[in-house]
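Across the two complexes that follow, subunit A remains constant while its partner is subunit B and subsequently subunit C.
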Partner chain A sequence: MKVRNIFFVLLMIFVVLVISIPTLLGAFGTIPPEHLRSIAKQYLFLSYNPYNKSLWSASPEVVAAIVWDYRGLDTLYETMVFYTAIIGALMLYSEILGSKDVIGGKGLSFIVKRGTAIVLLAILAVGISTVLHGMITPGGGFQGGAIMAVAPIVALIVFSRTFLDKSKLTYAHFISIRSLALLGVILAPLIPLISNAFIFQNQAKSLPIFQSPIFFTYPSTIIDVPMGGLIAILNIFEGIAVFSAFALAFMILLYSEELSRKPLEGEDIGY
Partner chain B sequence: MSTVISFIENLVFIIMGIIATTSIIFVVLAVQSKDLLKTIIFSAVQSTLYALLLFLLFAPDIVLVYVAVSVGLLPLLSILLVKKVGRYEG
Partner chain C sequence: MFLVATISLYINIAVSMYGVIAKPNLVKKFIALTIVQDSINLMVIMMGYKLWREVLIQPPILLNWNPTPEALREFVNKAVDPLPQALVLTAIVIGLAVNIFLVSAILHLYRHFNTVNMDEISKIKREMIVGETA
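For the complex of A and B:
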């Protein structure tokens, strides 16, 4: 046991030295880097440049512009991976999905419930504002969705499952909200294709592939607030999709043991 | 005088170094602990330190996801799991 501990400590010291010595000797170059890379320069120069609208994205937040405009397809595939992962998790429990729990819980005490109700509103407000400000401040769809997802989980624990089973909000609702949001993520970038634009392009850029009679771009501003066109719409859809996905996953996990044992029965003989 | 200026210039990196080293201690504690609930709390502390580190590295977008997922959702999921499999290891 003692030898094991000594080896463990030695391993930790070794790991720290292996990481820190090359860094101190300058293996990663100067930290912080003294000059920007050329592609970063281009992004910073073009992403919100009202005087040169040839390749702009109308989003003051350059990270959001890269995520949803310049590298929009990457984010679409990322969303697809997340979608598939949650569908896989739901498939494992397909026998009990949407059924009411067998054990009726009462939840926690009255004081905790009222306190949580106030905190839940605050969590949702922070999440929604992160989603809606995705094109001007750090944040966006996934970030806001992940913040909002804490709310239903805390609610499930504090108010108990019985509260959810009694309410009008069912499993089918969550699934349909999520599917509609994901459909939005796929369909919204297709709309510019009817005019002179490419897929995942929120502003008309001076690269026409063919001269279409229809001219359509997403609005770059609403009144005088920068909206980032497509970026704001995609952020909202992505936020809803992530929120409902996490909520669904935790709804299955918080089933009582009696019910969640059912899909596991007979696993040893295969599906 | 110049040493003082260079010290202030490098202060943020010194803080980052301290945070990174402290996080290693919590990782070791999380690995060594036999009480799984303590393990979850130690790894949550380590995640909080990493969130600070990412904030100092000018990545606020990542911080927003990291805090919600690794300090909110992941400990919750793990505690749920520990509740089902038992709290003590071995």
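For the complex of A and C:
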């Protein structure tokens, strides 16, 4: 056994001990846990509490309420990290972005194409419904966007790249859709600022002046369905942003090998 | 049993950290990294879990869109901690974006060096530097 392997075994034992000892000493509370922390109880109690509208989030789905309401600014910065990571991936291939592929593919057989065309609609429908129900059931912008993003990847493989190159939908369109959606995420929470809500929050302002009906908020219900106020709107924008981001990333990753080597030309000297 | 599951999760984290550090192949490193991410997410979810009791027959949902205060209190007693779930949701999305960036970086390296083995890449780089300085 080499010294290196012994070192790694010791390192693994060390890592396990470092996490297990605090756990056994009660860092996470009793194991198995039997009670909720009081902050969790507060979130659960106040999230959809119509009797205390100065602290509610208008969404019966508490996870969505935390993500977009109680910790809305966190999620804004998370969206920025997401934006930057995809921009980083695109920058690696900035020279060939938007160019037509050199290999003229025909795609898979007719049967596969027809079958996929039907399945694609189903995938998009599931994704859209996940986005739109984000405030009342588990789901939301990220999850729905990630589900929808499967559609362009499957389409790229089944219908071939030539189909995409011939279509009107270009790289620039995806970039603009994505930027507009992110602009929506930033601008939508700013509108109620002059009205009866806070940035990224559905909580009502307590000053009496804001109680008059001219100071609107985003609707907490439509007919009798909870809409989560701002949460529904942010979910839609986020869904579009995530969908276009993944579509872009896979459009770049699935370029043919011949074209993908182009950005590397001239890099032979000095890594 | 819950304790055994928790400790096994920690062993999972340790083994995948070994994979990230010790394996020279970048794709294997990447796979180990995704396992670390998922194990840590699972650990965070377990922190917010609450033991299920036989008396709780109803699932933790509000049955009425105009809930009474009693219904809200009952909901609080049935539900698990939502905060770790929200944080894991955030972590998964950021993880996904970072994974896409890493995949494209690995692909870029492969196209450049024709290998994804870190040892070979550093060997090629060393030879290159020696060749340039000679």
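Rule of thumb we're sticking to: the second predicted complex is superposed on the first by the 222 of 271 C-alpha atoms of A that agree within 3 Å, B and C clash if a C-alpha of one lies under 4 Å from a C-alpha of the other, contacts with A are read in each partner's own complex, and residues count from 1 in each chain.
Keep in mind that, in the parts below, contacts are C-beta pairs under 8 Å (C-beta built on N, C-alpha and C of every residue); 3 or more make two chains touch, one makes a residue touch a chain.
Just so we're clear, the structure is a prediction, and the values are computed from it rather than from any experiment.
Participant: Scan A:F28 for contacts with subunit B and subunit C and give back first, second, both or neither.
Facilitator: Second partner only.
Participant: Go through the superposed model and pick first if A:F142 touches only subunit B, second if only subunit C, both, or neither.
Facilitator: So A:F142 meets both subunit B and subunit C here.
Participant: Tell me which partner A:V150 touches in the superposition: subunit B (first), subunit C (second), both or neither.
Facilitator: first
Participant: Name the contact category of A:M12: first (subunit B only), second (subunit C only), both, or neither.
Facilitator: both
Participant: Look at A:D74 in the shared chain and tell me whether it touches subunit B only, subunit C only, both, or neither; answer first, second, both or neither.
Facilitator: second
Participant: Once the shared chain is lined up, is A:L253 touching subunit B (first), subunit C (second), both, or neither of them?
Facilitator: both
Participant: Just to be sure I read the superposition right, which of the two partners does A:L180 touch: subunit B = first, subunit C = second, or both, or neither?
Facilitator: neither
Participant: Decide which partner touches more residues of subunit A, taking subunit B and subunit C as the two options.
Facilitator: For subunit A, the partner with the higher number of touched residues is C.
Participant: Touch test for A:L264: subunit B only (first), subunit C only (second), both, or neither?
Facilitator: Only subunit C is touched by A:L264; subunit B is not.
Participant: Touch check for A:V63: first (subunit B), second (subunit C), both, or neither?
Facilitator: A:V63: touches subunit B and subunit C.
Participant: Share the list of subunit A residues that count as touching for subunit B in one structure and for subunit C in the other.
Facilitator: 8, 12, 16, 31, 63, 140, 142-143, 146, 246, 253, 257.
Participant: Going by the contact rule set out above, which residues of subunit B touch subunit A in the complex?
Facilitator: It comes out as residues 13, 21, 24, 28, 31-32, 60-61, 63-65, 68-69, 72-73, 76-77, 80, 84.
Participant: List the residues on subunit C that touch subunit A in their complex, please.
Facilitator: Touch list, subunit C to subunit A: 2-3, 6-7, 10-11, 13-15, 17-18, 21-22, 46-51, 62, 65-67, 69, 72-73, 75-76, 79-83, 85-86, 89-90, 92-94, 96-98, 100-101, 103-105, 107-108, 111-112, 125, 128, 132.
Participant: Inside the complex, what are the residues of subunit A that reach subunit B?
Facilitator: 8, 12, 16, 31, 63, 130, 138-140, 142-144, 146-147, 149-150, 153, 246, 250, 253-254, 257
Participant: So in the complex, the part of subunit A that touches subunit C is made up of which residues?
Facilitator: 4, 8, 11-13, 15-16, 19-20, 23, 28-29, 31-37, 39-41, 43-45, 48-51, 60, 62-63, 65-67, 71, 74-75, 78, 81-82, 85-86, 88-89, 92-93, 140, 142-143, 146, 221, 224-226, 242, 245-246, 249, 252-253, 257, 260-261, 263-264, 267, 269-271
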